[in-house]
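Data block below; observations after.
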Amino acid sequence: MSAVLLIAIPLLVAFVSILSKKLAPWLLLATPIANLVLLFLVPTGIVVIGGFQPPFGISLLLDTYSFIALFAVNALVFVIGLLNVKEYHQFSSILLVALAGLNGLILTNDLFNLFVFLEIAGIAAYLIAASNKKPASVFHYLVLGAVGSSFYLFGLIILYAMFGTLNMVDMIEKINAATVSASALILPFFLMFVGLGVEAKLLPFNSWVKGVLGSSNTMSGPMFASVYAVTVSFVFGRLLNNLFAFQGNLLVVVVAILLLGIALGEAMAFSSKKAREILLYSSIAQASVVILLFVNGLVLWGALLAVANAVSKFVLFYVVTKAQKEVGCDDLDSLQGMFQGNYVVGVAFSVAALSVIGIPLFAGFVLKLGYLTELAANANWLAIAVILVASLVEGIYYVRMLVKLWYPGEKEVKVSFGNVATVVIALAAALLLVFGVYRGPIDNLDNTIDSVSEVIDLG
Amino acid sequence: MKKLFAFVLTIGLGVLMIFSLRANTLFPEFGDVSIADRISALFLDKSVNGDNGDVVFGQTTDAEDGAANLVTSIVVDYRSFDTLGEVTVLFISSLGVALLLGVAGKQKRLALNFKPNFMLRVGSRALFGIILMTGVYVILHGHLTPGGGFPGGAMIASSILLLYLADDEFRTKVKGFKVLESVAGSLYVIVGLLGLVLATYFLQNFLPTGTVGDLFSAGVLPIVYVLIGLKVGSEISGIIDHFLTEGDLA
Amino acid sequence: MANLELLLLIVLGTGLVAYLLTKVNQFLGSVFTIAATTFAFVSLAAYGFNGGLDTTVQWIPWLSFSVTNLGFFFAIIIVFVYLMVSFFHPYFLDHYKYPSVYNMLFLWSLAGVLGTFFTENTIQLFFFFEFIVWTSMFLIPMGKSKKAAVSYYGFSAAGSFAMLFGILVMANVSGSYGLSTGLAALTGSGKEALVFVLFLIAGFAKLGAFPFHIWLPEAHGNAPHPFSPVLSGALVKLGAFVAVFALIRIAPFSVTIDAIALPVAQWIVAILGSLSIVFGTLMAIREDDAKKLLAYSSMSHGGYILVAFSLLDSVAFAGGFYHILAHALASAGAFMAIAAVARQTGTTKMSELGGLIHKMPVTYIVYLVAIISMAGIPPMGGFISKWLIFQAVLNKGMVLVTIAVFFGSIGSFLYVFRPLAALFLGQWITKYDGQVKEAPLLMMIPMLIITALNVYTGVFPDWLLGVTNGVITDLGYPALQVAVAAPFTLNGYYGTLAPAIISLVFAVGVVVAAIIFFVLKKSRKVTLMDTYTAANFVHNEELLHYTKDFYAPLERLYEKYTTKMRDFYNALAYKVKEVGQLAKYLFMSKFAEVALFWTILILIFLLWGEF
Amino acid sequence: MMLLDIVSIVIGALLLIIAFVAIQSKDLIKSVLFLSGLSMLAVVSFVLLKAPDVALTEAVIGSGLVTALFIFTLLSVKKEGSKK
Amino acid sequence: MIQYAAILLFVLGLYGLLTNRNVIKIIVSLNVLEIGLNIFIISIGYVSGGIAPILTSVNNTSALLFVDPLPQALVLTAIVIGVGTTALGLAFAKSIYAKYGTFDLDEVEELK
């Protein structure tokens, strides 16, 4: 039993699945489940591949941090697969490869290997986005993604030339050991930051998001907004805490990018009228918040926020895309009163939205309070102010949206969600509710995650 | 005007990058690289898992890695996991091309504008064989000489491309490619899993590595390279097929 | 329930039960809601007044409570308003889209109220604050307007987020989230001014005071009829609670203005409070919708409360606390009366109603008493509080504030009279012939209780002033002198007040008037058509009473400026939208090139001059 | 040594010129063909930099297959254009 | 020298992406960028006077000076990944043409 199975099994299944169209959807459903089971069986720690000890061979790292992400990703992929298995059965193999790529991204401890998995996940993402039937916007995504990963590779190669290693842990040790001037690291770090920033939806590099998520469907919407978002956040978190040492100008630029991303993301959402657009701009802001937390060294809170956002965004995007599909339009005005016949979905949607805003009783509140406290302890008042103002704006448009969706307009809107979807959405919302009230597990994690940076060690 | 601005901007960036790298004391000057400081120093000596002493072509046996081509040793042994990922990238690209261009319903060849004459047809058949054989050779000797699964597989694909070009009516069996692709890919993963089962680690070389420089040496490396070659060949052939056929849109 | 946390949990639980019961039967659910609020009120009152509320046993981890006189004072008033209003539920629920949710959220927000006032932890304060916001937020759109909820949420959230910021700063200074420890650590830390401003923003926003008053008429006017009394009588007071904290317990500037012996910050708040008074009064005067009119009056009363607490003086504090009580009762009474009218007629527009006194005499009395109290006329509670506030303001010698305070008082005569005249007096609207009856009995009960209390607070303030004195001494100020010279009197700076005697005089006057009106009645009823004034014949029954453009000449003076603040906030929202559009254009419009352009630009910026 | 320097300067300049032409050319086919040429030059530079494996791969995949795919795309489109 | 040419090739690719609005040209620019990057990576491993990292009967001892093989292995991977991206991009180009009848993204914007 080895954590590498989490990557190998989806890959093997993906290779096999192209042989039978009928079997592929079932394989898609079975694989994440198998992974979830495996996740609890495999031992944690460094996983050596090919018998070559790190830093020479490629190694993976399974710790509490990656465990959280893997759990979220596999569970969400299962759920998304379950809800779309009928309609998008021809995407089964692609989703399987995507799953392998995402698991790899989370697990890998090697910078070049990260690039390879970034490409796997990226290409899978282009194809998932292709299900929107908007080739031009996907092409846009493809170009940006390709450029982004080229940037990443460029930065990585410069680092290799400087330090002669590709292993993350080895790299950081060498960086710390060599007394490098901060300016020497600006170029590689920023190139890598941009490369990942494209996928992480950070502000100036994310013009693909509008085209892709703005016309997303029940599969691609949740896939990008929750699964990909959580994965890339975690990868970012790992790099930010184990590799990037932002200083001086670079730190200023990075923080400015993130703060701008938060503020402008919310402003853009505020100025939108279409449900999917509102959600996608809001998720831009949320992604920036998560990464801002990582930049500030709040690993625990960043990670948990990423997961909570993934769950909420899954609910929000699924409901909205489903409604869009049935109504044919996602203008808020044309969806008025859609929860009238769907109380359960409506409540779940409201819970998810309120959790994103960070309102008491829901998971988002506990997290918001947690990270704001930590930021306050670091006396990071600017970040707090921006986040608070942003959440104010966010709250206003979410409330506007909720009120519209609950109370009918002139035309009656009927959307049927089906039993499976209703149950799944309700469960997701229930999770948000439970973790909003019962914060025991979070308190327990406190210690384990804080020690993560120490766990990552060659021994 | 806009173009000039963009030009100045990008070239300026390039110049800045060059200056930045020059000013970077840790960044080696071109050609002035000290490999001993890099992890690849041990790859060259084949002594990652313990010092092996000198590796001598045709003499050293049972090295931790038996490939004479050191690039191959990295690609399919030291960093084999990357290569698995790389194969996956190609796999998913071909899946994607099929998804995007494979229109449901009857498919027909894209008619080329020229009519190939008899000579061309016969000549290309002959050439097909030669290229195919070269491809196979390149794959099989990947661990000894330059080349390997990727260029070899691409050669196989180009030989098939030649058939497409030479004959308007020609179509291979896509289904066959698919099976080949699937089997080759699965076998790669299975080889990796065998490493996990028979030895300790995923993708570990579980066969004896033989003498450096022999054709039958380097353990699983040639096997993996053959699989990669088959997979790459079939995938690229599939991509070509999709680019050269079109659905009955009308 | 002697244990506060248990009580809170029970109220939360009853919310769920109420939801289920209302699903089964609306009437049953509403009765259950009444029972639940009664239970909450009775337990709170029974244990609270004897100091028997227990907060030591922890049922919910992470929460900590403590009973203070201040908190208890606020809580008991607000829970009482909830109790009174719950009697209205059986008659209104069927109008609403989601009746069961209505009951549930009503009770949940009550639980939030219980949590807010007894908290000993700042984060917890924020938690319950926000909890109340979102539970009440969903109730508002069940009324007339969907937009009202958004502006309600917007301002409330702006306030609570400002408070959160203040809390974080405070925690940063003190190292813990304890309320009293935080406040204690704050003094001398150099961060008082910031925290003070942030807390005040929260107080102002929630109270609907001057710069943040936009949501008041929107939310109060458009909320469901039985929820408006809660909003105005109860939830607005959350703002007062926070403002009291900020004004009394945080001393931001050591600089004081010698002439009035007040710190600058308090002086500014007093000025802002006066602005609220003037603004609310002026806006109320020109309002046509009775509920919106009362909302503006709430704003001006919020101003009184702010002025009172900014004076740092025990007479003013007594006035302030008493005003909180009096206004809660009066505005609850008035809104309930309007709700009763709205239920029977279906509208709250003054221009569409008239002469209801013939059909709804009791409601008329309720409303009359409530507005008398609001206007600060004896013998109602509002008079006592205003008397105290006037005394304190005069004593401080603050000219502008004094003018504002008196202006507000006179202005309230002008506006509260209008709904009275328009709704109840004047000409009967024939449209409602045979439709309108007096409100049902169950609705009568709370209205009459509140009316009685309005009178009681005005006639026998001694005991209640004793309660407020407890609060004041807790805050570290000397108690107001009550019943020192004689029983039933209170001391201000300029003489003593004997409310009972004044009330007696008034009672005699009323009796005399009644005798003249009923016994010596010489009047005769004339139908509208029966007229020969000015040689004009009236052919159809037009509405002839003066409810529209009642104060037209006065209004004309400031008409132009009435929308200024609203315009400001609209412009603000519009600016945010514009920024969003601009950002979309700059970062989202074109294809890859835009992103690349920015990347290159940033890279050049980074690399420039690095070597 | 000198020879290598000169050769690399020439190749570097050629690379840039050809790349510029490939990017600037209005004619798509020309642009693709120049890309293929660029790829061939890259192969030469790979050989110069002692990377025969990469050179072989780039020769077969970069300049061969990729160009073929480009051409096929343009071909299929041209045919459609002529149909209309 | 060739290293700097590679960097310039990379930014030239960026320039192409900035200025071109034709789908095919964008993919061409992307390829230019990738070729530049690949040459750069290889140049990182170059050692003056080094030989290709292949053991043969002629140069059979590890005392000889080899160039760094690792960047070469990385470039092999990068090339294949580049092909995958290019093939996919071209497939998207074809479907853009099928849907909008043009390769020009400006016209696509208008047609939307």
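All chains are identified by letter, namely A, B, C, D and E, in their written order; residue positions are counted from 1 within each chain.
Rule of thumb we're sticking to: a residue touches a chain if its C-beta (ideal position, glycine included) is under 8 Å from a C-beta of that chain, and two chains touch if they have at least 3 such contacts.
Everything numeric in this text was worked out from a predicted model, so none of it was measured.
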Task: Co-neighbours of chain E and chain B - touch as defined - done: A, C, D
TODO: Any chance you could name the chains that touch chain C and chain D both?
DONE: B, E
Task: Chain ID, smallest distance between chain and overall C-alpha centroids - done: A
- [ ] Could you tell me the distance, in whole angstrom, between the mean C-alpha positions of chain B and chain D?
- [x] 19
Open item on the list: Taking the mean of the C-alpha atoms as each chain's centre, how many Å separate chain A from chain D?
Closed with: 37
Task: Mean-CA-position distance for chain C and chain B (Å) - done: 74
Open item on the list: What's the distance between the Cα centroids of chain C and chain E, rounded to whole Å?
Closed with: 68
Task: Shared-contact residues (touching 2 or more other chains) in chain B - done: 9-10, 13, 17, 20-21, 23, 28, 33, 38-40, 43, 69, 71, 79, 82, 85-86, 89, 92-93, 96, 100, 146, 150, 236, 239, 243
Open item on the list: Where in chain A do residues touch two or more of the other chains?
Closed with: 112, 116, 119, 123, 126-127, 130, 135, 143, 147, 160-161, 166, 183, 186-187
- [ ] Give me the residues of chain E that touch two or more other chains.
- [x] 1-2, 4, 8, 10, 12, 14-15, 17-19, 26, 43-46, 48, 52-54, 70, 72, 74, 76-77, 79-81, 83-85, 87-88, 90, 92-95, 105
Task: Set of all touching chain pairs, with the criterion as stated earlier - done: A-B, A-C, A-E, B-C, B-D, B-E, C-E, D-E
- [ ] State the interface residues of chain D toward chain B in the complex, per the touch definition above.
- [x] 51-57, 59-61, 64-65, 68-69, 72-73, 75-76, 79
Task: In the complex with chain A, residue positions of chain C that touch it - done: 62, 97-98, 123, 127-128, 130-131, 133-134, 137-138, 141-142, 146, 149-150, 153-154, 157-158, 161-162, 164-165, 168-169, 171-172, 573, 576-581, 583-584, 587-592, 594-596, 598-599, 602-603, 605-607, 610-611
Open item on the list: Looking at the complex, which residues from chain B come into contact with chain A?
Closed with: 17, 20-21, 23-28, 33, 37-40, 42-43, 48-49, 77-82, 84-86, 88-89, 91-93, 95-96, 99-100, 178-179, 181-182, 185-186, 189-190, 192-193, 195-196, 199-205
Open item on the list: For a test of understanding, state which residues of chain E touch chain C in their complex under the given definition.
Closed with: 14, 17-19, 21, 26, 105
- [ ] Flag every residue of chain C that touches chain E in the complex, lowest number first.
- [x] 591-593, 596-597, 600
